[in-house]
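Each in structure tokens, the structures are laid out below.
Common to both upcoming complexes is chain A, partnered first by chain B, then by chain C.
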Partner chain A sequence: MDQILGNIGLLIDYPVVNLKIVLDGVMIGALFALAAYGLALVWGVMNVKNLAQGDFVIAGGYVSWWLVEHGFPALLGVPVAFIVMWGIGWVIYKLVISRVIERDLFTSLLATFGLAIMMAQIMNLMFGSDTQSVDLGYPTLHFFDGFIDVPIAKLIGVLMASALAAGVIVFMKSSRMGQAIRATAQDARAARVLGIDTEKVYAFTFSLNSAICGAAGAIIVMVWIIQPFYGISYSIRAFVIVTAAGLGNLPGVIAAGLGIGALEQYGAHIFGIGYQQAVAVMLLLLVLLYRLIQQRRNRQVLK
Partner chain B sequence: MNRNKTILYSLILAFTIVAPFAFPNFGTQLATLWLMIIVAITWDMTGGQMGYNSLGNIFFYGTGMYVAALITIGLTYDVGDYTSAAGGGIYEFTDLEYFGGMALGILGAGLFCSACAIVIGWLTFGLRGPYFAIGTLGVAIAAGELVSNWEWVGGGQGIALPVYPGDFDTGKTYFYFLFAAVGIGAFLFARWLYGTRFGSAINAIRDDEEKADAMGIHTLRYKLYTWAMAAFFVGMAGGISAFQLIHFEPLETAYQTINLGIFMVVCVLLGGKGTLWGPVVGAILFHLFKEVTWNYLLGWQWVALGALIVVTVVYFQDGVMGWLVHKKPEWFGIRVEKKVASGSK
Partner chain C sequence: MKKLSMLSVLMAVFTLLFSQTSLAACGEIVIGSAISLTGKYATNGVHAQKGYEYAISKIKENGGVKIDGKCYNFKVIYYDDESKGDRAATLAERLISQDKVQYMLGPYSSGMTKAIAPVTEKYQIPMVEAEGASRSLFNKGYKYIFAVLSTSEQYLASTIGLAASVAEKNGKSPSSVKVAIAVENDPFSLDIRAGVLDDAEKFGMQIIIDEKLPRDLSDMSAILTKVKLLKPDLLVVSGHSKGAATAVRQISEQNVKVPLIAMTHCEATDVTGKFGDAANDIVCPTQWAETMSYEDPIFGTAANYESGFKKAYPEYKGRQVPYQTAQASAAVYVFKDAFERAGSMDKEKVRDALSATEMQTFYGNIKFSEAGNNIAKPMALRQIQDGRYNVVAPAEFASHELNWPRK
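Up next is the complex of A and B:
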């Protein structure tokens, strides 16, 4: 308890520490937001709750790591992971996801959970259970007498994440396929009647989600570490963000992603690093309870 | 109960009693099989019969472990001293302290888990469908993380309980019969429950909760009681596991979300959701599959398990019992009009 109070006191005595925590949180939150956006897309368009989301992220990270191990430049990892994960996502869609779309939501939840177990274990067998990361070799910038250090690699990561998010937004707004995806999300049956090949839209959406996750993973491996079994924590964060922001609300997803990144860093600072995972999960429960109370006021339940 | 059923039940009971002596090398396996049957039956009480798919029933297993261990230790020693010594050998338990503590601990674990189910259920039963699954999964993961940071109960190290006083093989048989007793209790309880008015009420909740509510069923109360009953058995099973395993730690053994926590769901789906025998059949099949893959596919066993989950969920969701009901409805007392009205084809 004393330690917790001491940590809070530190935040008040040295306001600059807050800035550091928020910066760290926002940088990592940008990547959570990407994975969460993919989840919101799949959830909204085809009503599939993908618990393997985090494992797509980790798989993308390993693609990038494998490239660097074989002598390719690190920044190439992001586009390559995007493409490779697109393919993997398409295969998974054809084998599993296409058969659970029409079913109840628990089916998709459980099927993707099984998928998550498989993917984590296959990565474990292929790459080993050590934590891995890619060192870009860029220097670190220091501000405020060394209180705040911003590695340039993280800045690049955030920039790439923003570029990717912007690209996806423009694509969804203006391209023909983006329109078709949005139409299918609104009413799949009407979209079919109007001549949209919804099967193709579903396959495209799931592959796109997988590719976004892969690219996010390729960025994460540059600024953080990955490990075959870290996937579930990204899945949980993606669920927290989407549950908090709601579907089809991209600004909300980004804001929630950044906010959760920052809150998690605060939690880790105040309670100790051992609680970081617990903070993420507690946030999920708090968000669910908050939504529940909100719904109960209208005599509704969270479905 | 007709004659065939009596014979069937007697045969199963006889096999249950003979099994640990007939297959002495598989004592621990058979005990684990009973554990799977217990968690599958209790999962089906909420998942299959009431339509609330919990992914967090493992919370009661882990909590049961800790409560049973803490009661046993706390009756004789100071818990903080005991856990900080990490089983360092200076703590002796007499037979009375061991068995008395175990009896109280296992019972206490069941009761405490029931209380937990009431509290957690009161908070989460407003969530429906997948939200309930995610919410309960979150509860289980959060509990594991919090317990692993709680030094008083041993933190990430977990707790080491005293070893069974006596012969090693006798210990194995002893724990087998403990699990078997709870398993038979859970089965008979479920069998009785599904035949009562209460059973019909929870089935009504599964089929249409709004209508059940409108018909005057106090749905929240029914849901809480059902989960509390399920939690009672899971908590007791967890308590027995704590003594059987001797040493356990929070993340991999007690709150093993992705192992037992998901296995119980797969067992039920494999056997057939919402049937009495489904969870039992599913648990046996799943346990066999798991042990065979563990032995012959070392390294790939998790991939095989994940594949089994995906295949079961995607292609075979009605399970063995659902398939049997479809193929042989007369076995279940369902009469099907064989003659299809002409012209309807």
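Up next is the complex of A and C:
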């Protein structure tokens, strides 16, 4: 308790620390938001809750790490991870996801849970259980007497994440495929009647999600560290964000992503770093409770 | 009558064949080991397994294990415990009751060893282990477990003494030293914390940060911000590979200035290879260093062990051979020594011989206490100086001066 009060005291004594916490949180939150957006896409369009979301992120990280190990420049990792994970996502769709789309909730949860375990173990066998990271070797910018530090690598990562997010938004708004995806999300049957090949839309959506996650992972490996079994922590955060923001609400997903990043950093500062993820899970509980209370008023049949 | 003679001829032929084979090749001593080949401990589990295998091949080259004039070679049955404690216990049970293994080599990590020890104890199977350092393994009255390594509360406790002597050298009292601790919430790291706290209390030092790291740590900027604000004189980090990797990366990114930083698992994480200069002047504890002056007739000196192992496993070229590997080899060597002194394959006799062990190996001196931990070998501290690991403490093994304060 004393420690908690002391930690809060530090925040008041050194206001600049608040800025640092928010900055750190927003930078990692941007990557959470990417993974969460992919999840919202798949969830909204195909009604598949992908528990392997975080493992796609980690797989993308390993693609980038592998490239760097073989002498390619690190920044190339992001587009390459995007493309490679697109392909892997497509294969996984054809093998697994296409068979569970029309099934009930538990079938898709079980299938993707199995997928998550498989992917983590395969990565463990291929790359070993060492923690890996890519060091870009860029310097770090310091402000406010060195209290605020912004590694240029992190800055590049966040910029790439924003560019990717912007690209996806424009794509969904203006391209033909984007329209088809949105139409399928609204009413798959009507979309089929109007001549949209929903099977193709599903495959495309899942591959796109996998590719977004892959690119996020390639950014994460440049800034933090990855390990074959770290996927679950990204999956949890993606679920928290999507549950909080709701499906099909892109600005909401981004805001929730950044917010959760910052809140986690505050939690870590005040309660100790061991409780960083507990903050995310607590938030999920609160959001679910809130939603439950909200829904009591308007009861409806569950699909 | 005719039948009988036929039978005796056959028997004679068989005995001839049998005795011939036993003359030509050595016999086999089968040892069991459940070890982490997949899962979160796989990196070090594989390091340990290679240590076992290297020692077995070295002992074979040197004429095997001699019991009662006959020679034997070790053969290990490995099972993968997937880094899960319940799995490790099940596999130990299976090794003993199905594979009829009479002796065991330890798994990797204190947690797995804790899971297996009750099983080996129940079946009275002697186990020499090299990778479980938790002190809680040695206060339960176990009789069949023998550990060649120093126990975990000794790992970083010596950094407190080091910080105290630096303070004295600079004309300050050791009690003015402020300590920050960040350790993972697992048995091994908590022991390290207990050792550090004990020694800090002896000097009257103040603990200003004391935090537990989560299992899936990838960001510790919150702790490091506090470190920057509170300015401790000593920062102690223990969180397996991920803790070391995260700490080294973020300490350099956030430009954290602490005069003395100590952490575990530097070698296993390859911090010098991954982060280069960012790892400089960090102090790392080690069970063993190849520059130490121990030697034995099988492996030669510590330096001979290092070069021999790298020849056998070229993938370790250009990096440090982890101490996890060296101590695994030492465990096999302890078994050989005990079998030869016991002069028998009887597991009780082997246990008694193990408990009377007193020998020097390339890895250090080995003598077991009543509880089974090795009391003859101190921990050493090495500092990363220009990308090299140089022993800086304890004084009698130190090859280099401590760089202080860390820049």
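What we mean here is this: the second predicted complex is superposed on the first by the 296 of 303 C-alpha atoms of A that agree within 3 Å, B and C clash if a C-alpha of one lies under 4 Å from a C-alpha of the other, contacts with A are read in each partner's own complex, and residues count from 1 in each chain.
In this text, a contact is a pair of C-beta atoms (placed from the backbone, for glycine too) under 8 Å apart; a residue touches a chain by one contact, two chains touch by 3 or more.
Being a predicted model, the structure only gives us computed values, none of them experimental.
**Q** Determine, under the contact definition given at the top, whether A:49 touches first (chain B), second (chain C), both, or neither.
**A** first
**Q** Which of the two partners, first being chain B and second being chain C, lies in contact with A:21: first, second, both, or neither?
**A** second
**Q** Contacts for A:237 in the overlay, against chain B (first) and chain C (second): which applies, first, second, both or neither?
**A** It touches nothing on chain B or chain C.
**Q** Quick check on the superposed pair: does A:96 touch chain B, chain C, both, or neither? Answer first, second, both or neither.
**A** After superposing on A, A:96 lies in contact with chain B but is clear of chain C.
**Q** One more residue to check, A:151. First (chain B), second (chain C), both or neither?
**A** second
**Q** Report for A:107: first if it touches chain B alone, second if chain C alone, otherwise both or neither.
**A** After superposing on A, A:107 lies in contact with chain B but is clear of chain C.
**Q** Considering only touches as defined above, state whether A:274 meets chain B (first), chain C (second), both or neither.
**A** Both chain B and chain C are touched by A:274.
**Q** Quick one: is A:130 in contact with chain B, with chain C, with both, or with neither? Answer first, second, both or neither.
**A** The second partner, chain C, only.
**Q** Give me the intersection of chain A's contacts with chain B and its contacts with chain C, in residue numbers.
**A** 121, 124-125, 232, 272, 274, 277
**Q** Quick check: in the complex, which residue numbers of chain A touch chain B?
**A** Of all residues in chain A, those touching chain B are 49, 96, 99-100, 103-107, 109-111, 113-122, 124-125, 232, 236, 239, 243, 272, 274-275, 277-278, 281-282, 284-285, 288-289, 292, 295-296, 301-303.
**Q** Show which residues of chain A lie in contact with chain C when the two form their complex.
**A** 3, 7, 10, 14, 17, 20-21, 24, 28, 121, 124-125, 128-131, 133, 135, 140, 142, 146-147, 149, 151, 224-227, 229-230, 232-233, 265, 268-269, 272-274, 276-277
**Q** For chain B, which residues are in contact with chain A within the complex?
**A** That would be residues 53, 55, 123-124, 126-131, 133-135, 138-139, 141-142, 145-146, 148-149, 258, 262, 265-266, 269, 299-300, 302-303, 305-310, 313-315, 317 of chain B.
**Q** Going by the contact rule set out above, which residues of chain C touch chain A in the complex?
**A** It is residues 38-43, 46, 182, 185, 210-214, 216-223, 225-226, 228-230, 241-242, 245-246, 249, 252-255, 269, 274-276 of chain C that touch chain A.
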